[in-house]
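Each of the next two complexes has chain A plus one other chain: chain B in the first, chain C in the second.
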Partner chain A sequence: MESRPEAVVVVRTSLVTLALLAGIASGQPTDAEIIGHDASWRVDDVELRAEYLSQRGHGYQSQDGPIAGPGSEAMGVFEPYALVTVHQNDKITHEITAPVDIISAASPDAVDATTQASRRNESEDLEVRSTFKLWDHDLLTTRVGAHHEEPMSSGSIGAGWRHSLADDNATIGANANITIDGFDDHDHYGDYLGKTARETFNLNLTGSQLLSPTTVIDGGYGVTFQHGTLDTGWNAVPVAGGALSNEILPSDRVRHALSVRLAQHVPATRSTLKLWYRAYLDDFGIQAHSVELAAYQYVVPWLYVRGAYRYHHQTGADFFTTQLPMFYDNTALHTADSDLAPFSANEWSVQVAMVRGRTPGSLHDWSFGAEVLRYWRSNDLQITVVSLTVGRRM
Partner chain B sequence: MRWLVLLAVACHTTAPPATTLPRDGQLLDGSAAFVPAERYRGKVVVLDFWAGWCEDCRKMVPALVRLHDAFASRGLLVVAVLSSDSGCCASRYAHDFGITYPVVFDPELAYSDRVGASELPLLLVIDRTGTIVHRSRHLDEDTLAAIRKVLE
Partner chain C sequence: MFRVVVVGSVVLALTSCAIVPRNRREHLADPTMQPNEDVLRDRAHAKIHTAREGAAGGDGEPAGGGCGCSN
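Then we have the complex of A and B:
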């Protein structure tokens, strides 16, 4: 015999009432009574950074040099940068990033005949990254960004998810991003060819595992698919006899990257060592291997020094050349872009940083950092970066 | 939330945190007497790493007092670990901020390092075996759920 629906409702209602009465009778406060009201929107943290990048070197794609020879790639970038962390509630926070690049390039590429791009350029970015704590072990992140500079505007969106496992001793995660760039198309003489675009889709899978109380390993795999106008337009390719050709790249590119990192802390000396390796492969024919060793040393509990060295080696794109023959097929792929050349690169950096929350006296809510980075590679490119950071917890 | 600390280890400067209550911590009470971590074994403990200058830490004190009042009779011990190189302030802070649970201090932040308390505030929920079962930067529903679970 089936119970009448009304009877089920009565029984359920009675059980709920009894449970509520039991709770009241026990005098146990509810979660909300213990936690209290959480103030809603507020600014948690503001960080300001200024960075100056100086680049020197030569590449065959640049026209700022002798005919058929490599041209200058000299460039300076000044980047003020602001990061604001906004607390919405216990479950949701937002990070708003607003870098402004001011680029001064001594390389008068052909495109400067019609625009200011690459001679002196300002670009603005705005990115909002929101974090949602869904459940105890799951975190959702979303990202919305916009970028504008004189010949180009772009927008990007992304979403990610992370899940902790094994009593939080391991994590897995995935994120996906889409970026669409719309820009003016120019040829290597600077002639305007109209509007064009490219789209980029990116998927990353990540994981980490605590191996011991002082050792952690993490890694990831990322695949990126690009479609559209992948060339920069104004990049030139020298031709035997002194002529110049335009760059011709495929309209699609698929890139794969696999990385793993091992971190070991040494409590006795307050030191941490990190070893990182990355393998890269794409369908342009580029294969790359990178390795980095970084060491962190706390001088006092609120101040550490970080030193790092990175080595990178890559093969060139299948269609890279520094000079086309006098009679060439102008429908075939070719580029002289030094970034697509075979090369080896070295990079070292030194950073000094004060840890916010540990700094003494009246500096408790402040953080300060300074970093010098030097990069050089075998095909004549050198970069020096100096950055200063100041942050304050509000 | 331990994964957050894991990511900090991977991407930043902190060490992987301890998963159990370190036995050799040098916590001191208000009179600079050594407080052995073993004292907390066999109890359900909430360690609150905080500092007087930390606004978020100060904001959390009333909620921790309510937590202490609500669950002390069931065996919960709330302990404030003051990130300070001096014991002078422990009793003063307890008085100024109305803290009704024990306050100890962590000279040279060695204990904070061991448990991965690189940012304040940090709450650790520790079960009776000394295992850190939950860590959070806020006293939220998840933290209360973890406390209720280990008190059962």
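Then we have the complex of A and C:
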């Protein structure tokens, strides 16, 4: 009889334990909740980036200087970005990007007579990229974007498809985009000439291939056709004798770009190397080659340092000049835009980044990063960019 | 040079189709190996080049918007 109370205690304790275990179990997600159908909308990830860009240099298209140029291209840009990843269901996700530019003293020139566009300006963008998982090996992507700044507004739409092959060892894809810009037309005196527009059609073919358990290669080819008012109306072209002419560009442009990238991970040193090359040509007469080498080195499993160097060389447009003769044909193509000049550009950047999901402790779902970038061109343009990023997985 | 790159890319693609089984892709899944491991950084860099280099744009991304012929 003395054992009865003990048996009761054991039974009670067992029941309580079972009840507690059942309670705990009911609080855990079921398999269906983990891998089953999920039709709910939610924000998966939020990332913010704030950067400040300082530019110094001179270009012959700018009137902020002597008549014969070159004029100043100095400006400062504060640019916050936001990227929000939204999960709609287990087949559809959306990436919403919203960069905002706040630009001060961007190449002051004739346009300041009628607008503030080159003295102080703000521009806003909104882009939504959506991914639809059609079948196990096929993705459909769409993009819708809008841009606004004082002299112009633009809208763009695009769609793409990507197919994976050989158990995801390779992918092939294609996408097409259309952009329409509508903007105020000005001449190089700043006089308003009315509304004008340009259209851009773009087709890209992409592919990737796993080469080994630590190596992957990817690349793409893109062709772009532009039509309409391609010139920047207020850009000036110096004329011998001290006068200025307006810029005259073709109304059509066809551009080709081919790029390839090789990525190699080195497990022994916890490093990654990426080598990227791009070739470009267009019917303005510009040919260009760009190459970038980026190296990633983990300091600890949740923190890496990225260093990159990029070199770019381009020939100039056939009709680029820094000075027209005193008696020139004002129907012939000509531009003094330093972006269309022959030049070489160098760029280096250093970034420190924390890997979300690997960060220890209470920062597990957070990431932080910082980057410094320096860009300089052989035709007198220098840029320094400093940026900070913060992200959180929701 | 353009032709060399095209031919080289095709040859490389045709001769290097190794099959890497899923259980050997641990290193390929590392965040630094992803083609777009930092979307905002890549977009910011692309914007720097698109606005300043007449030869930028048109490779995998829509060209257009922004100012003038450089886009």
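The rule is short, and it goes like this: the second predicted complex is superposed on the first by the 355 of 394 C-alpha atoms of A that agree within 3 Å, B and C clash if a C-alpha of one lies under 4 Å from a C-alpha of the other, contacts with A are read in each partner's own complex, and residues count from 1 in each chain.
Criterion: a contact is a pair of C-beta atoms (placed from the backbone, for glycine too) under 8 Å apart; a residue touches a chain by one contact, two chains touch by 3 or more.
Fair warning: this is a prediction, and the values are worked out from it, not measured in the lab.
Enquirer: With both structures placed on chain A, which of the two partners, chain B or chain C, ends up touching more residues of chain A?
Expert: If we count touched residues of chain A for both partners, the winner is C.
Enquirer: Figure out whether A:340 sits in contact with chain B (first) or chain C (second), or with both, or with neither.
Expert: second
Enquirer: A:66 in the overlay: touching chain B, chain C, both, or neither? Say first, second, both or neither.
Expert: neither
Enquirer: Where does A:365 make contact in the superposed view: on chain B (first), on chain C (second), on both, or on neither?
Expert: Touch partner of A:365: chain B, not chain C.
Enquirer: Once the structures are superposed on A, label A:261 by its partner contacts, choosing first (chain B), second (chain C), both or neither.
Expert: both
Enquirer: Contacts for A:210 in the overlay, against chain B (first) and chain C (second): which applies, first, second, both or neither?
Expert: Both partners, chain B and chain C.
Enquirer: Mind working out whether A:194 is in touch with chain B, chain C, both or neither, as first, second, both or neither?
Expert: In the superposition, A:194 touches no partner, neither chain B nor chain C.
Enquirer: Touching A:164 in the superposition: chain B (first), chain C (second), both, neither?
Expert: Touch partner of A:164: chain B, not chain C.
Enquirer: After lining up the shared chain so the two structures overlap, which partner does A:296 touch, if you call chain B first and chain C second: first, second, both or neither?
Expert: It touches chain B and chain C both.
Enquirer: Identify the overlap between the chain B-contacting and the chain C-contacting residues of chain A.
Expert: On chain A, the overlap between the chain B and chain C contacts is residues 167-169, 208, 210, 212-214, 216, 218, 261, 263, 265, 267, 272, 296, 304, 306, 353, 355.
Enquirer: Of all residues in chain A, which touch chain B in the complex?
Expert: So the residues of chain A touching chain B come out as 28-29, 31, 33-36, 90, 136-137, 139, 162, 164, 167-169, 171, 208, 210, 212-216, 218, 261, 263, 265, 267, 270, 272, 296, 301, 304, 306, 353, 355-358, 364-365, 393.
Enquirer: Within the complex, which stretch of chain C touches chain A?
Expert: 1-2, 5-6, 9, 12-13, 16-22, 24-28, 30-33, 35, 38-41, 43-45, 47-49, 51-55, 57-70
Enquirer: Using the touch definition from the top, list the residues of chain A that touch chain C in their complex.
Expert: Per the touch definition, chain A meets chain C at residues 47, 49, 51, 53, 79, 81, 83, 95, 97, 99, 143, 147, 152, 154, 156, 158, 166-170, 175, 177-181, 198, 200, 202, 204, 206-214, 216-224, 226, 230-232, 235, 249, 253, 255-261, 263, 265, 267, 272, 277-282, 284, 286-290, 296, 298, 304, 306, 312, 314, 316-317, 335, 337, 339-341, 345, 349, 351, 353, 355, 369, 371, 373, 375, 377, 381, 383, 385, 387, 389.
Enquirer: Looking at the complex, which residues from chain B come into contact with chain A?
Expert: Residues in contact with chain A: 1-3, 6-7, 9-10, 13-19, 51, 53-55, 62-63, 66-67, 70, 83, 108-109, 113-114, 118-120, 133, 135, 138-142, 144-145.
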